[in-house]
Amino acid sequence: MIALLLRDLRLAVRAGGGFGLGLAFFLIVVTLVPFGVGPEGQILGRIAPGILWLGALLACLLSLDRIFALDFEDGSLDLLATAPVPLEGVVTIKALAHWITTGLPLVVAAPVFGLLMHLESTAYFWMILALALGTPALSVLGTFGAALTVGLKRGGLLLSLLVLPLYVPTLIFGAELVRRGAQNMDTNVPLLMLAGITAAVIAVVPFASAAAIRVNLR
Amino acid sequence: MSIWEYANPVKFMKTSSWALPWVSVATVISLAVGLIWGFFFTTEAMNFGSTVKVLFVHVPSAMMAINIWVMMLVTSLIWLIRRHHVSALAAKAAAPIGAVMTIIALVTGAVWGQPMWGTWWEWDPRLTSFLILFLFYLGYMALWGAIENPDTAADLTGVLCLVGSVFALLSRYAVKFWNQGLHQDSTILKVGEKDPLDPSYYIPLVICIVGFVLLFVTLLLLRTRTEIRLRRLKALEQRERMA
Amino acid sequence: MEMLRVDNLAVTRGGLPVLEGLSFTLEAGHALVLRGPNGIGKTTLLRTLAGLQPPLAGTISMPPETMAYAAHSDGLKSTLSVAENLQFWASVYGTGSIEPALERMNLRQLSERAAMSLSAGQKRRLGLARLLVTGRPVWVLDEPTVSLDAASVVLFGEAVRAHLAAGGAALMATHIDLGLHEARVLDLAPFKARPPEEGGIKGSFDEAFA
Amino acid sequence: MMPELGKYALTVVLSYIGTLGPLAVLTIWTLWRGAKVKAALAAQEERMKKNG
């Protein structure tokens, strides 16, 4: 299992900027938004949590289709499925590797991007907390979408259509947590919901993903 | 005699071809009676004016939009557990009907919202939830369309339907939390409470709901028959290629 | 010693039966070559044996954790080195050192090279080394010599012979000659599934449609 | 014949059109596709009977 994680991380690094790509994309989104809505700091500050969340969503989506596609093409997925490791574990590790290469850098870099977006100073802590709690769910749900579309030639667009509706609860509670936190309002409900969704997703969705992979390899 | 006998395609084709004329006639009658009654013979309501007549198309379509997804969830489960092909094909056949019902609910809602709330679209929890439901329908149908192998497609869409159902519910809760909204609560279940729907609206509404349900059954039977034939056609073509 | 027994097996591709009534056994120290024209269902059969898809009928019996499956492609990661590729599979199968496998397949000099810079023959040797590090006795190989030149085919034959001599067994599917003359050959053509009208086994959907 | 709808006439009529329109399209599409597939299946079965 650890060997698989190390292999995936190593592959991501050698494929060229495994960690950097998501970040660069995130930076582009953050750069483009002021061109679209105007440079006023007040407006930017108000929409900053939403933009940062949307950026995280899209950056995550960007690399989803490669989670299983490469292993499917070169036959390693067949070999992994016949190897003495549970496929549920393989799927979870794949999601973890995806999170480490896309989600984690975003969490770490969020303060910098918050600065660019005039994020309110009270919101920084909540922004990082929300991203740290929410992005693992994005990766695990993304693996599910990738598992459904692994055998398809042009699965990219379909993958987005399948995965994005599943992101709605995480997005809502994540953005709401930042908004409420920044205004010193009660944060219990969104905090618990965000963490609860992530925990439940990590516990249950890998079984669905593994089932989908098995069906696709049949 | 078990209910699962109807899951046999041959038995299903026989039974459905016997049932179809009756169901379609009942559909036409109930829809005609309900809609004509609702459109021509109901009076204006106190705070809604004549827009209350929208009730008779808006409420049934909204109910069907949700119920069809629930029906797809049940048939998907039956397929995943008992491997009855008709069940999977019925779920496939139901999805476009559900999507159309969702569109109707959204369109009539927008048309009704314009005079009542002064806007065509509001990011109200109910409206937003229906939009999300529509996205789920789209994703489900797109996945069916994208996969060549019919059994693979049935399995994967079944799993998607299960996961999607949980997230549709979760989104409903999240959206409610996110925005408290203008939409009033559902009126139909308020009978006996302090603000019940006037009986003069209640009867045509029930007839309309029955009409929509029957219409769904008719279309579902027709579409499932088509899907079974299509499945048979594909199997024959494949066999011909192999021979 | 019997490593694999297949009884009255029927397999499907895309929901339609392709092979039926197939029975054979494979003993330790023996190789069995499955022959037949393209499309007869060799790959489908091997995938069924590997547990990637369920059989339509019949039974497959073998001791647990004895089979190593290799498909058309080797599952090699081109950006990883030879040693890294092998080390990964050794950890997955929980076997120890990769040194003996490197030695046996004559890959020691290449062990630091990235897999993408290997020739086709070297890649196949790496694929065989992967089978060695699994430590599994029964090799199930799908078209193992495809895209290999004559010299590499000889090398492949030697590797399989050594594996058999060490008490292993091999099941291979191919439509060309492998150069393994001692191997038993099983022609799959007689087991081609007949249409249901002629008494052949019914696929899942035909069955329901009657 | 037309009921008195007052200032909301457009709303009510639009909503009924917005309902019956999509339903009609869906019904026609369903029937058309059903007929097409039925014919295709009949043709296929006929051909396979002839050939073998």
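We just call them A, B, C and D in the order they show up, numbering each chain from 1.
The working rule: contacts are C-beta pairs under 8 Å (C-beta built on N, C-alpha and C of every residue); 3 or more make two chains touch, one makes a residue touch a chain.
By chain, UniProt protein names: A = Heme exporter protein B; B = Heme exporter protein C; C = Heme ABC exporter ATP-binding protein CcmA.
Quick caveat: nothing in here was measured; it's all calculated off a predicted structure.
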B-C or B-D, whichever has more C-beta pairs in contact: B-D
Per Cα centroids, the chain farthest from chain B (Heme exporter protein C): C
Chain closest to the assembly centre - both centres taken as Cα means: A
Approximate Å spacing (C-alpha centroids) for the pair chain B (Heme exporter protein C), chain C: 48
Separation of mean Cα positions, chain D and chain B (Heme exporter protein C) [Å, integer]: 16
Centroid spacing, where centroids are CA-atom means, of chain A (Heme exporter protein B) and chain C in whole angstrom: 37
Chain A (Heme exporter protein B)-chain D separation of Cα centroids, rounded to whole Å: 41
Touching two or more other chains - residues of chain A (Heme exporter protein B): 218
Contact graph of the chains (line, ring, star, complete, other): other
Chains that touch, pairwise: A-B, A-C, B-C, B-D
In the complex, chain C residues that touch chain B (Heme exporter protein C): 14-16, 18, 39, 195, 203-206, 208-210
Chain A (Heme exporter protein B) partner contacts - residues on chain B (Heme exporter protein C) that touch it in the complex: 132, 135-136, 138-139, 142-143, 146-147, 152, 155-156, 159-160, 162-164, 167-168, 170-171, 173-175, 177-178
Residues of chain B (Heme exporter protein C) touching chain C in the complex: 7-10, 83-86, 149-151, 228, 231-232, 235, 238-239, 242-243
Of chain A (Heme exporter protein B), residues touching chain C in the complex: 2-4, 7, 10-11, 14-15, 71, 73-85, 217-218
In the complex, chain A (Heme exporter protein B) residues that touch chain B (Heme exporter protein C): 144, 148-149, 151-152, 155, 158, 161-162, 164-166, 168-169, 172-173, 176, 189-190, 193, 197, 205, 208, 211-212, 215-216, 218
